[in-house]
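Consider the two complexes below, in which subunit A is the common component and subunit B and subunit C are the respective partners.
Then we have the complex of A and B:
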């Protein structure tokens, strides 16, 4: 039986991790809600953002957090272009399947270009506050993990306010709920969809920077992330942002707790087990997920 | 190629000519494949030929699911890897003879595919793809971590089934084994294509809800075809393990392999018997070339990504349909497209003569369950 302090530490770390997962999965949920697009390249963009953060720190000497001033708008623009130039041109009948292949191609392309530009060497940001940690009732929490969680919390709160309080958010939610009705009300759904896509990709810029603070990065790292993220959005119910957030927190917590008896590698299987269990017993997802039944 | 041209009662001379053309092409292709080992300049080229044939088998096996039902699996690479590892482990750990191990491994992969298919096929499209990706990642995780049993990252050495043979002879034997497997896979695909079962699968591809409401047992059909596809994939993977003799989880459970298979099938054309084969020839040769030219740089990833994106954006129907349309323009000017036809259209054609097909007189709306409903919108 593990000690109470260890359990407590695991719970704290699990919640911090879950917050980060929630941020990363939010983008995926947006894409699926807006366009029924399963964006395989999301985690590749995440790694791209992480590399940009690393590069700005190692080469330009800028704090990685400041790199977001550039990467967030850049990724927003990329998302808009991606939706306008590529995804919107696929045939509607086969959109879901073909978008998977197209975004898969983009992911492979990003991985190849990253490998070409930065080589396959593992990179890590060396920060002054990188090894600092806080003591909290006997648990030691690394400062970078807190910063990453803080970033995730701020980004998710901004996303929430954007969706609930702004005209753009209303239009976006209307487009997700019923595109035809939204068009009838005079909403330019194409424009809203492309901006929504941009917002989704902007979350990847934040998430990637948060990731870079605490992990060693290499070009093919995105395959390690795609599985857990996909599992989260399926468990949460495809297309449901709150569902994805709950699933992310829960799975992050379970993963962290399972690491005590099983070790880090086997603890990862919890995502896949949850994925298969969801599809076998409740295909529409355990939390929310009205859309999933048909897709 | 249109399956209707053989079914219609009185083929027009032009159609007969096209049929003859097909036979000539098929015979030439078979002759080229069978004689390849005797004119391959060196053992390396021969082994590259085996790799391409292996891709052709895998891609044809993939096409049982992708082509008939429209469900795109990115996880077939994992099924092949599982077949390879099952074969290797049965030989190494259980001491079975090589080809007995291969048969048992194929069976195991097919059995394994039942629960996977059960979970994955209950939901449509997107979730299926997600599960197929998850399958690759979880198997990679398991086979890498469970090193005491699988050898982990150190790899698993599979003893050769014919220890007496020299290397070039070994290649030659396996080349013919793969060619035979390809022939069987193509034959089975062809049989399914013109069966009632195949018709049900295509109905799922076009409109699953309608197919179900018309009484097609869609879930059972999907599951059966997925298991058949997995069986062929596992068999090819196992044969590869016996030939190559050295397995590594990173290469056996690579998501990239699955993507290559999809790329090949799409490029050649998923509705065509020989689509995946043509795609495998193009992509497989391209991959071997990239390997020689760029070695271990990540540029082959860039090339793969670009090619896949281009195919998805501009040629989702594949090369063969494009070529078929070209042939049609010269041989069958009366027909404007080479789409497959529905049973209703066939009956129509049988009563009013071969040239009164819908192609000369396109219907204003897409007929219910028309197998080519999705492309009529582009053509009409």
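Then we have the complex of A and C:
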């Protein structure tokens, strides 16, 4: 029987991990919601942002968090371009399937370019507070994990307010719910969709920076992330940002707690078990309501 | 001129006349998955050939390498060795890089009755195939990497010896082999295992594994790790303020990037290593100096393993006095089986399966540098135990 201290520590670690998962999955569910695009390259963009954070710290001496001043707008722009120049050209009938192939190619391209530019050597941001931690009733909270969690909270809250409280958010949600009706109301759905895609990719810039704070990065790392992230957005309900957030927190917590009795290998399967259960019993997702209808 | 070349080619060194070079055939993964280590192995062989030739060659004959590229492909490696032995009629064959290519290559060499010394087959299965001509030219297989450390710890007085150990190993034959070799020896010596974690190679979060280890308050932590998992686990342990008396991790601490990756909180961390440029063996001093002159940077482990392979072959050829295909090969095999060879990684001997009978050196981060602490005859500084807080 694990001690209470270990359980408490694992709950804390699970919640922190879940927060990071939520941030990393947010963009992924948005793309699908906006235009039924399965964005395999999302995690490759996360790693790209992580490399840019590492590079700006190692070469320019800039705090990795400051790198977001450049990467967030840069990724927004890239997202808009990607949607306009490539994804918008796919035929609507085969869009979902073809987007898998197209974004798979983009992921491989990013991985190759990262390997070319930075070599396959594994990198880690060397922060003075990398191994610092705070005490909480006997448990420890790593400062870098807390910063990553804070970034996730701020980014997700911003995203939520953007979707709920702004004209752009209303237009985006209208585009998601009924593109034809949205067009009849005078919404430029193409423009809205490309901006929505940009917002999704901007979250990858934040997520990649958060990831880089506490992990060793290398060009092919994104393949380890895409599976769990896909599982999260399906369980959460495709297109639902709060659904993805709830699913991410829950799966992070369950994974962390299951690791105590079962070990790492089996605890990781929780993502795929949840994915199977969702597809079998509630294909629209457990937390997101009807497919892509709600935020 | 053309005739002369054809004549030489047909002869292929098989005649063993004193003018012909001794041709050494090698297939290497110069492209594909293993191309990085494959190129390192190639440089090691090239350094060996050059240093040997500069000293007058073997048996008064020059050494010539014939290297083919197997593209990291197990089918290609078989075809390459068939060609080297059957068609090109080389005198000697030596091994490629990685267990996956060593096993099929050794099978071909065995079929032709050729000696087969190889630089890269540390996994158990290499020695379970019943090969009679194979020798692994390195100090130890994975299970024996920590032997010197096990001996050291078990020789400590009972009051000082660690009593509990936490193990975490990647699910990989090499990484797991290193940790479990030490685990078996310490358990046999009465040291209790309190955590035994195995994690898949794609693990990205080490928080909970570290929490389990920290909660166990084990005296010592042992990581059967590669690079990135070793680094991530050490940082996760430091974040939880776990302070073991000893911390040993395979692979990661010997990497040039290690200190920067964990923010220089390295003091006291141990690692086994098969090769170090600083090892005082006489041939190693020569190797490091001449290799650096030839390639512009000092040799790493892959280069050293290939060089060691060359040294083992050279010792046998010199002792037996022949190098050609046929009966000579069996004499070379018999000689290596019965003798000790001095190499850049120390003296080597082998058991009947070709498994080396040594152990890895143990290095420790002392005073901001990684230094040899075990075995006693090779040490640069004393092992620091218990280790300082990290």
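Please note the rule applied: the second predicted complex is superposed on the first by the 289 of 295 C-alpha atoms of A that agree within 3 Å, B and C clash if a C-alpha of one lies under 4 Å from a C-alpha of the other, contacts with A are read in each partner's own complex, and residues count from 1 in each chain.
As a working rule, contacts are C-beta pairs under 8 Å (C-beta built on N, C-alpha and C of every residue); 3 or more make two chains touch, one makes a residue touch a chain.
Bear in mind the structure is a predicted one, so any value in this text is a computation, not a measurement.
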Touching partner for A:167 - first (subunit B), second (subunit C), both, neither: neither
Subunit B versus subunit C as contact partner of A:115, first or second or both or neither: first
When both partners are placed on the shared chain, which of subunit B and subunit C touches more of subunit A: B
Touching partner for A:283 - first (subunit B), second (subunit C), both, neither: first
Subunit B versus subunit C as contact partner of A:96, first or second or both or neither: first
Contacts of A:59 with subunit B and subunit C, given as first, second, both or neither: neither
First, second, both or neither for A:268, with subunit B first and subunit C second: both
Touched partner set for A:5, first subunit B, second subunit C, both or neither: second
Touching both subunit B and subunit C, residues of subunit A: 120, 223-224, 265, 268
Partner subunit C, residues of subunit A touching it in the complex: 2-3, 5-6, 9-10, 13-14, 16-17, 120-124, 126-128, 130-133, 140, 142, 144-145, 214-216, 218, 221, 223-225, 256, 259-260, 263-265, 267-268
List of subunit B residues in touch with subunit A within their complex: 70-72, 74, 118-120, 122-127, 129-131, 133-134, 137-138, 141-142, 144-145, 255-256, 259, 262, 266, 297-309, 312-313, 316, 373-374, 377-378
Touching residues (chain side subunit C, partner subunit A) in the complex: 36, 171, 197-200, 202-205, 207-209, 211-212, 214-215, 227-228, 231-232, 235-236, 238-241, 257, 260-263, 265, 390
Subunit A to subunit B touching residues, read off their complex: 32, 36, 38, 40, 86, 89-91, 93-94, 96-98, 100-102, 104-116, 120, 219, 223-224, 226-227, 230-231, 234, 238, 265-266, 268-269, 271-272, 275-276, 279-280, 283, 292-295
